[in-house]
């Protein structure tokens, strides 16, 4: 393994060069209205009124994201375990699942608006629907693929069905569930920002669109920077938690299992 | 009253073409408390199926199994099965100590005393110092020892073992055989062990039931009157040992 | 399993029947949940009149343009980054900075430059598809057995030929994975971009139907979208099998 901790000179260099080009071109061509220089975007970020507004919108987006994501996780893991465990439940729902799967989750937004109006409830509902799918499918996969020997081990030690589920099935399926949770993280963020753009009155998605419409592109870019940082931070946070919770998995992976 | 009783046990599976395959055909034997009994037979003769039926994990098609005179229709509380595929049976998400603790937790024990007992059992199987390791960090033989310690933690009256030393190298195998005998002597557990290794069966047990090729049935019961304590050099050199071995070998070869 | 399929179909029929009866009995707001028969009727009518096929076609034009553009740019780029550590390190920072941006958020930027025409959507789809295709291509190329490349060199193959005849086929399964992931992303983003800034396309159609309270048309549009997603997936599987010869 090369020393990857070495500072990436060419990478940062290229990035900085591009930013510089952007800055120069924007000023020189006098198109600040379309393409403000990066410096303007940065200035907007630290300008108190904009910063305050951004913080408020960030809180809104983050709140809706958390509500949608965790609710989706709770519902989808629960349903996934049931569908994975019970052959009957799975056979009953399989056809319906295969019919709903191909439809992009965003198509549910108009229905949600119809039923729930244009408030937080709609946005969270849409997020739950979209984020639930990867978690559900991966959980079903994980539970269905459980090694029979593990279950039999629980049974030979006299454990009842519920205890086996909690002490054996769930830990064994955890890597699969984690994959689903990881995949749906960006999906939840996408749905929150999208619903904010389509029918919101607050949140980073709404802010970005609104600033674009009001022809304040510098603020728009500032908003994009915040959203990108949010996405990045959430991802890193997830990886940290996952590494802790699944510390035992490290060795199995190197042996090509799971 | 025998501790474990197997009476006219049969098991057949539905074949893919509709025809049923008979895995076990009318097996009967019984085991008294603290006996060490071995089942020997060629690979694929249904030994695992037999153990699964006795352990209450699979329902027989006919006949019955009784532990302490109570019929077995689900995993009985006084009995534990140690699986052949230990790497699929150990819990990857628990440490070695955690796996052994599972056996205690299943019996409702927890806390400091449970942990003490778990450590002692690990010592008994020769795995002190490995408590904080994860199963994947251990060799095959060590993993199997964890599985055995876990089963012992449950304090079963009957211990069923399915080819416990099948996947380890010859040297480790002999070590584990002696370790098992030591544990058996100390704890007095009743053990039923399944193996395809004739010499292992003779070395370990008081009595060997010889099974035929599928469908399984007991073609002969051989008593092992060799002196205890057994040891790898002396016992195997006894003329009686070779006689028993040849007798069983011929029996299996004849039964085909 | 025959029985499991039957169970599933029965369950579906039960749900549809329940929907129909509940709707007809007037137990739910007909504005929110019109009878399934009405929805299906709407769907058939819109199909026959060419409205749905037309909207779907418009969406597909943009989707295809963005998707194939992304493939055309990102596969070669991914090969370059996978083969050359220097190229990879140089572009790394830019890629890792742009990647966490949730694609919908790019729509207003695109709108600023490209209005609400086709090019806005093509650009947004290009931006969203780029990352899965790029990263999977890089991965696929990096994971090629060194031996294969050395074999090519033993036969005296030049760089270009090696890439074409050895690297690409060897990395193909992983590249296909990236293309498959991007397919669903494409569909999602074309719908989103049409909901936010468009005057046609299936995404616009569904949202517009909701705004005009033509609820049965809205559901019909969703059915069309589900069918579209299904057929695209199947088509991809067939093509993928052919190209990979069952690998």
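As written, the chains take the letters A, B and C, and residue 1 is the first residue of each chain.
In this text, a residue touches a chain if its C-beta (ideal position, glycine included) is under 8 Å from a C-beta of that chain, and two chains touch if they have at least 3 such contacts.
Remember, predicted model here, so these are calculated numbers, not experimental data.
Of all chains, the one whose Cα centroid sits at the greatest distance from that of chain A is B. The largest tally of C-beta contacts between two chains is found for A-C. Centre-to-centre separation between chain A and chain B, using Cα means, comes to 49 Å. If you average the CA atoms of chain B and of chain C, the two centres end up 54 Å from each other. Centre-to-centre separation between chain A and chain C, using Cα means, comes to 18 Å. Residue positions of chain C touching 2 or more other chains: there are none.
Chain C makes touch with chain A in their complex at residues 1, 3-5, 7-12, 15, 31-32, 85-86, 89-94, 97, 100-109, 111-113, 184, 187-188, 191-192, 195-196, 203, 206-207, 209-210, 215, 218-219, 221-222, 225-230, 232-233.
Of all residues in chain A, those touching chain C in their complex are 2, 8, 10-15, 18, 34-35, 87-88, 90-96, 99-111, 113-115, 186, 189-190, 193-194, 197-198, 204-205, 208-209, 211-213, 217, 220-221, 223-224, 227-229, 231-232, 235. Those residues of chain A lying in contact with chain B across their complex are 147, 149-150, 152-153, 155-159, 167-168, 171-172, 174, 248-249, 251-252, 255.
Touching chain A in their complex are the following residues of chain B: 52, 55-57, 75, 77, 79-81, 83, 85, 88-89, 91-94, 102-103, 106-107, 134, 136-137, 154.
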